[in-house]
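Just below is one structure, and these are the notes that go with it.
Letters A, B, C and D name the chains as they come in the text, with residue numbers starting at 1 for each one.
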Amino acid sequence: MASVDLVYFAWVRERIGRGEETLELPDSVVTAGDLLKHLKTLGEEYETALEHENVIRVAFNQEHVDHREPIAGVREIALFPPMTGG
Amino acid sequence: MASVDLVYFAWVRERIGRGEETLELPDSVVTAGDLLKHLKTLGEEYETALEHENVIRVAFNQEHVDHREPIAGVREIALFPPMTGG
Amino acid sequence: MADSPVRVRVQRDDFDLAAEVAAISAGRRDIGAVVTFSGLCRDEGGTLGALELEHYPGMAQAELTRICQEAIARFSLQAATAIHRYGKIAPGENIVLVITASSHRQAAFDGANFIMDFLKTAAPFWKKEHGADGSAGGWVSAKDADDSARDRWTKS
Amino acid sequence: MADSPVRVRVQRDDFDLAAEVAAISAGRRDIGAVVTFSGLCRDEGGTLGALELEHYPGMAQAELTRICQEAIARFSLQAATAIHRYGKIAPGENIVLVITASSHRQAAFDGANFIMDFLKTAAPFWKKEHGADGSAGGWVSAKDADDSARDRWTKS
């Protein structure tokens, strides 16, 4: 079990109901994609927030990553919708 | 014979040696191109200034025109090199 | 050059366009072209009361810096600035400022255009709309057109 | 809209970038993007002492106005400004300012780019160089690259 800081933004944050939390991840969670699937087992709020997995963007230690990226060694994982700044 | 105001800019002005003059044009001068050829018969300074006719730009009443444009009715004709502003 | 060619800020307050242009060009004699892009909040025909800009602190600054550095390298810019506001922004107010400086005009135009395209699709900011009638608005959806605009820089 | 969407000036003095942007956007809530282009005099590695800008009074104003009007029509701009200086200009000083305002960012970028390309090839201004060593300089030659940049707007 690895401990990781999760941060959420925009409607991902609103639907999950919090902006950040620290979770213990089971060893079966290897990639960002695995994390999304794992979170969806934790409750209805996660299911709603992460329903359309393919639109969820992931950042590891504040850098964009692909859903296939391995989590090993990452301190902070962010989940958020497509960006709409500018 | 028609009378027309001529204005010159940049190195056309410097080579002709004046910035403006009023000339009577013979009836044989119909187009802007005819005017360039006529001016080159008026002296060495015009020959030098207008040597490369194809690079000389012409404006009638402050609008760019082609060398084939007829002069009839034009008050002010400007001759100048390609522009280099900006 | 003495100053860093990249200036990035993420801030709640408005910015001063003239001061930012001066910061890039003051005292220099090798810059031939400065392009600025200001993005403003539109009232959408009177229906929008305000935008609320959320951002990912730290990553927003880091991502804008990466984008500016890439633009400087790609277009041989002499400097690039990106300032993005967060918090509540009313119609008519500034949201974002991008400035590029170069010896040549097309590089300055292309650099600013490039930065804006990547800023919109990669910098972690999100807009929520509040209605002019006080209604709680929804999150702005990302536009496919913004992805297309970004992707043209990787063609050819 | 109350004000004319085209603002053109040909003047000896410098311009105030911030004031010109404010003149376009102040009090409006329908503008989403403002792009500015400032063209500055470079010192060409220390060899240039000054540029002397000659212009055709009257036609310079008329031609800049025509170019701005065409850009407004072509890119659906909300406003366009062009200010060109004449007289002696030292390295580091401004020569020209173009501003475009639009609902959308690409129109503002393209409009400013278009105005600059036509300004350089069609507005009656000519540059003479004066050397940093006091030597009388020559007239700047027109660049084929500027014609090519202009001609890209007439390709489909």
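Some points to look at:
In the analysis below, a contact is a pair of C-beta atoms (placed from the backbone, for glycine too) under 8 Å apart; a residue touches a chain by one contact, two chains touch by 3 or more.
In this text, all values refer to a predicted model and were calculated from it rather than measured experimentally.
Via touching contacts only, the remaining chains, with chain C excluded and nothing moved, are grouped as A | B, D. Taking the mean Cα position of each chain as its centre, A sits at the greatest distance from chain D. Between the Cα centres of chain B and chain D there is a gap of 26 Å.
In whole angstrom, the spacing between the mean C-alpha positions of chain A and chain B is 73.
Inter-chain centre distance (chain A to chain D, centres taken as mean C-alpha positions): 48 Å. Within chain A, the positions touching two or more other chains are listed as 86.
In chain C, 39, 105, 116 are the positions where the chain touches two or more neighbouring chains simultaneously. Interfaces, counted as pairs of touching chains, are A-C, B-D, C-D. Interface residues of chain D, counted against chain C in their complex, comprise 16-18, 21, 25, 27-43, 45, 91-92, 103, 105-106, 108-109, 112-113, 116, 149. Contacts from chain C toward chain A in the complex involve residues 39, 53-56, 58-59, 62-63, 84, 95-96, 116, 119-128, 139-142. On the chain B side of its complex with chain D, the touching residues are 7, 9-11, 59, 62-64, 78, 80-86.
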